[in-house]
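Two complexes follow with chain A in common, the first pairing it with chain B and the second with chain C.
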Partner chain A sequence: MKRGFSSFHPLVCFFYYIGTMSVLMLAKQPLFLLTAMLILLVLNGVQDSGRGLRQWWLGLVLIFAGCLFIYPFANHRGTHILFYFHGNPIMLESIFQGGITALAWTSLLLLFLSYNVIITPEKFLFLFAGVLPRWALLTMITLRFVPLLRRRIVEIESVQASKGTSARRGSLYHRAKAGLLIVQILLTWSLEEAVQTADSMKARGYGLGRRSRYIPYTFKKKDSVFLMISLLLLALSLYGCWLGDLVMAVQPILETPLLHGREWLFYVFALGLVGLPLGIEGREVLLWHFYKPEK
Partner chain B sequence: MAFLQAREVSFRYPEQTEWAVQQLSFTINKGDFVVIMGASGSGKSTLLRLLKTEVAPHGERTGTFFYKGRLLTDYAADTLAQDIGMVFQDPENQIVMDNVMEELVFGLENLQYSTSIMQKKVAEMVHYFGLEGLLNRKTYELSGGQKQLINLAAVLLMEPKLLLLDEPTAQLDPVAAKQFIAFLRQMNEELGLTILLVEHRLEEVLPLADHVILMDQGSARQQGSPRALAEAMSIEQFKAYLPAATALALTFSPRSALSVLPLTIKEGKRWLRQQTVRQKPLARKVEVKEKAPVLQATSLDFQYERNGIKLLNQLSFTVYEGESFSIVGGNGSGKSTLLKVLAQVLNPQRGRVFIRGRRVKQPDPTLIGYLPQNPKLFFLEETVMKEMEHAASLGAEEERQERMDYFLEVFELSPLKEHHPYDLSGGEQQKLALACLLLKNPVLLLIDEPTKGLDPETKKHLLHLFQRINKEGVTIITVTHDIEFAARLSSRCGILFQGQLTAIADPDTLFKGNAFYTTAINRLTRNEEVAEVLTLEEAEQTWAIDTP
Partner chain C sequence: MGDRHPLTWLGISGVILLVILLQWFFPVSLSVMSVCVLIMMIIPFIIRFERKRITGREIVLLAVLSAVAAVSRIPFAALPSIQPTTFVIIMTGMVFGAESGFVVGAMAALVSNLILGQGPWTPWQMLAWGLIGLAAGGLRNTRLMQTMWGRCVFGLGAGFCFGWLMNVWGLLALNNAISWKSLLAYYSLSFYFDLAHALSNVVFLLLFSRSWMNILSRFKRKYGLFAD
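Moving on to the complex of A and B:
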């Protein structure tokens, strides 16, 4: 059954993701972003035993490396020249800038991975069905199509490969043609099947009028507590960003990446917000670790 | 007052000259279990759809339906959506949602029930169906049988008064199909639900029916009690539809000599005990000729995931020239996977496949023709003709044309030349795919579940076709659930169990004496004082019964 962060009300979870997203985008402090990224990395590992990470690790590494390396080669503004590369100066400023961007993007992707685990399509539908009922259902059905199409294309590929039509073998022209044919079957077949799905929906009264919702979620006390804490931390973090305490200036003068005095306080607040779900998951782990059934 | 009544209903699809449903009239009482049968294309599905307003086809229609004494068209849309439920043929395509729970409440949400009522209804239904374990599963992870049960439960949650089912078990294996039909019986007997079922598996459903309608070319050729229908069907055209007991009894005794026409295995056994069966001298030809192996598989290992189940485990077997080999086995035992490995579509982790002594590593359509379960995935072109031209791209022009003409003729595809492959019926699609495979002159044909969803007549036709191809020298390996089919087609069979092909033997040795893995006729003749037979043909060949 659902435990930990996913047992909280969808609205609360959704709010956490929006809040954290805005902080990650506004805060430009490398130390904070680095810690936040590590926290999110651990959170992903705990939430689905690292399944998402294993699937996406290459993407994460590419985004991180891409931002880190492209910036210094593209941006030559600044005053601290480190060395020359093919006659172009490489600046310390742009390395910091690249590092910040890399950390921010990687953290955002990690946050989105966690979002995918927690905000399931049904929760998404629950959140938006009231506002945009038709769109929400459409989104939901489209989401169902993604794994469905993936499974179908594997099936078509194997059948076509047995006939000698394969997008994995032969010349480029041959492969491109085979690939197009496979996609064409996928579409024709899926459209046919979709007509049946539509029939099944109509047969069960879809489209007669407004739908009610089977809502398995209730707003509990722990939800309001969580919401209040996250609101407070979000407000403080945003204040910190506005003050500049969570922003490392690169231009015109390069600041040090280390933290000083009051900045530590906002660092703790912002990390508190990012780390809330990990705290909950951690508590859950401890709870079960020390849980002794009475004999 | 009749519960449901049709008065001279006719229907014609747009731009068609033939009527899909013609002058159809029937009366159904509340609580009846009605079975509608007939060949594919006889208008059964169209009839069901006409009754379900939401999915009714467009076209020209005359005549009227009365539901509870009032015109069907007089009812409000939401009453009809709730009162008349419908389950379709394909288990997968009916599912809308991602998650079982969401799927179950989908209809209730459309009817704007409140959460507490939904909860109560779902709790009750889930318990009744024993679906507790499935509630939090993803719908696509379920087996076909489970999916169809979910579809049934989702419709029943809306508490329909009339349940329409369009070949709901066609895509299921025999065990799941039996379970599904058992549920229908329970619904009918315990809740008094009125059921209208289109079905081919008469063996199971005929004994349950109160009323049977036999459709032929759009009109009701005959209707009445199951026994009356069985009698009417004893003519050649419908013989393939009859339950084993009826077919067997009618083969040996004229109708006039039977006091009761047996429908079930139990009644069949009773009939058999009254007969004195003499054994005719066995005319069966025994082939002991040593033949060269066509396919050799040695120590195949296969699993989809590293930590997954080992579907094939050190599997080895040999198939000889000109043989017809059948593989049977439970759901998920890896039968289809084995075929894919043999066709080189999937690579085994260990082991090798040899064709005529040469190792094959890549799919080669000139050696192996692979016919998948769903022939739709096979087609790439717009018309039947183009599809065949595409398949026949090898060889000299004249020879190609000649072969194409030959297959169009033998497979009766000539009239369908300009049709889109997707517009053909299931059986016709099978035949087209088969023709395309054979155009490449393969040594070996691998066929996955060829009889799925086919009506008995089409099945018989396909069987003859396979037998003919086999006789012409093509070696065939079939994977099937249909023991009857396997017994009639194959020279040897094997059961796939725990990743290995066990008990490879000729059908007689393998199936006779089994309780489940055998044909209905064999079950009927088991433990009786007669020689066991597997098929009706075998009985005809080896039995002699003196008619009084």
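Moving on to the complex of A and C:
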């Protein structure tokens, strides 16, 4: 069902992900990154009722913890010694840096989780068919072959298993050999069929003229409004990063992680960009619960 | 390599300019730099394939090879970090040329990512496998790739290079804490995975490279594909 952020034009959604990705990579402010991470967590929870989060939570926790702990033990530059671990000084600076990296990478991965829900393979191909039509065509044909070949490989596996060739039993060497033999059978089977597919493409006129395509997405007014708002917010947040307001300096002098003065302004702009899809989803939820049609 | 279009050069110089501008404005962001360099490396190949004259049969052949490379992991599901995808890409490069090798490598990575979910690693994987195909195709007429020993050395190197290139995107997380010590520690984490990948490449090349090259060359001659 098309609703919420996924009902927007793919170009607009794609732009949001590219823009947010660049802000998350450039802004090095723990408070901003922490709020951004929380927003993206909620967004993922709303978008596919937490299915992606349930599948990936262990990876996310591991990356977060990995970045957080590797830093202080790898980097001993700084002036604020907290304590000594096996004779190595643990610095406040590197703890902050580890925290910033951990937050940035976890948010980036959360952003990609949401990207995979919103930018489905069809939308991805739609986006690239305009610029790179041949690559898009090749991707489409390959994507079509994958489920076919997968069924075929299962078939070959069961036939070969009845003859005693299986990649599931025996020594490592035998399993590797049997596995590739199965792939080789798949190759010879599929190559001949590929030529048939190609000839049928030719018979239908592939290559005679420019390829036309069906465009299921229209650029509506809400798309241009969204694009304009996100462009403005992106420009402002990048300006904030450039000014250093969204960057917490660690070397040579450790700044405080708190924000003050003008920094709050850019904090709000950048969070506005990150939170745009959540705002759209939230608005729909509110409308669903509280909207009373006029009688 | 004679038919380079001015657009290719425009694209390359545009990206270089962009990198310089970014470096000017954000002098610390190594991650942005590396992403730009990455794009710069992929774009010429992408444009070249887009503008090449190609028949329907050739395009379907590339699609089948990419799909075979992508699904070839299935029989090996029970064996962690052993997959013949690299082997299929090397064989494609050797028989159908450097450009086809790049296309099949990049496409196999893209398609398996489209199915399993994309992430920041997608372009790196496309680049790594694409470059393996490109190198296998570029070296196909040298003594290295014509002898079994040379092919095995190539497979061993390809396994390690793939792992090292894939490590780069994770390395970006370390940003300005990169030192030789941390680099060594980080790369040693993935050593056994890379070793398994490299050794499985060698085993596959040793056992199957001759028969795969025969199958693919026969097919190439029979239908007159990618005639050079």
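The rule is short, and it goes like this: the second predicted complex is superposed on the first by the 216 of 295 C-alpha atoms of A that agree within 3 Å, B and C clash if a C-alpha of one lies under 4 Å from a C-alpha of the other, contacts with A are read in each partner's own complex, and residues count from 1 in each chain.
FYI, a residue touches a chain if its C-beta (ideal position, glycine included) is under 8 Å from a C-beta of that chain, and two chains touch if they have at least 3 such contacts.
What you are looking at is a predicted structure, and each value in this text was computed from that prediction instead of being measured.
Undergrad: Check the residue A:A161 against both partner chains and state whether it touches chain B (first), chain C (second), both, or neither.
TA: In the superposition, A:A161 touches chain B alone.
Undergrad: For A:V146, select first, second, both or neither according to whether it touches chain B, chain C, the two together, or no partner.
TA: Only chain C is touched by A:V146; chain B is not.
Undergrad: So, does A:Y206 touch the first partner chain B, the second partner chain C, both, or neither?
TA: both
Undergrad: Once the shared chain is lined up, is A:V183 touching chain B (first), chain C (second), both, or neither of them?
TA: A:V183: touches chain C, not chain B.
Undergrad: Going by the contact rule set out at the top, does A:D223 touch chain B (first), chain C (second), both, or neither?
TA: So A:D223 meets neither chain B nor chain C here.
Undergrad: Looking at the overlay, does A:E263 come into contact with chain B only (first), chain C only (second), both, or neither?
TA: After superposition on chain A, A:E263 lies in contact with neither partner.
Undergrad: With both complexes superposed on chain A, which partner does A:Y214 reach: first (chain B), second (chain C), both or neither?
TA: A:Y214 contacts chain B only, not chain C.
Undergrad: Is A:T197 in contact with chain B, with chain C, with both, or with neither (first, second, both, neither)?
TA: Both partners, chain B and chain C.
Undergrad: First (chain B), second (chain C), both or neither: which does A:W135 touch?
TA: Only chain C; A:W135 stays clear of chain B.
Undergrad: Looking only at contacts as defined up top, I'd like to know whether chain B or chain C touches more of chain A.
TA: Counted on chain A, the partner with more touching residues turns out to be C.
Undergrad: Where on chain A do the contacts from chain B and from chain C line up?
TA: In chain A, positions 121, 141, 143, 148, 184, 188, 193-194, 197, 199, 201-202, 206-207 sit in both the chain B and chain C interfaces.
Undergrad: How about chain C: which of its residues touch chain A in the complex?
TA: Listed in rising order, the residues of chain C that touch chain A are 25-26, 29, 31-32, 46, 49-50, 54-57, 59-64, 66-68, 70-72, 74-76, 78-79, 82, 84, 87-88, 103, 107, 110-111, 114-115, 117-120, 173-177, 179, 181-182, 185, 200, 203-204, 207-208, 211-212, 215, 219, 223.
Undergrad: In the complex, go through chain A and note every residue touching chain C.
TA: 22, 25-26, 67, 70-71, 74-75, 94, 97, 101, 105, 108-109, 112-113, 115-116, 121, 124, 132-135, 137-139, 141-143, 145-146, 148-150, 153-154, 157, 167-168, 172-173, 175-180, 182-184, 186-188, 190-191, 193-195, 197-199, 201-202, 206-207, 241-242, 251
Undergrad: Would you pull the chain A residues touching chain B in the complex into a rising list?
TA: Result: residues 1, 120-122, 140-141, 143-144, 147-148, 151, 155-156, 158-166, 169, 181, 184-185, 188-189, 192-194, 196-197, 199-216 of chain A touch chain B.
Undergrad: Which of the residues in chain B come into contact with chain A in the complex?
TA: 52, 54-55, 77-78, 81-82, 85-86, 88, 90, 92-99, 101-102, 105-115, 118-119, 136, 140, 151, 154-155, 158, 340, 343-346, 362-365, 368, 370, 372, 374, 376-380, 391, 422, 436
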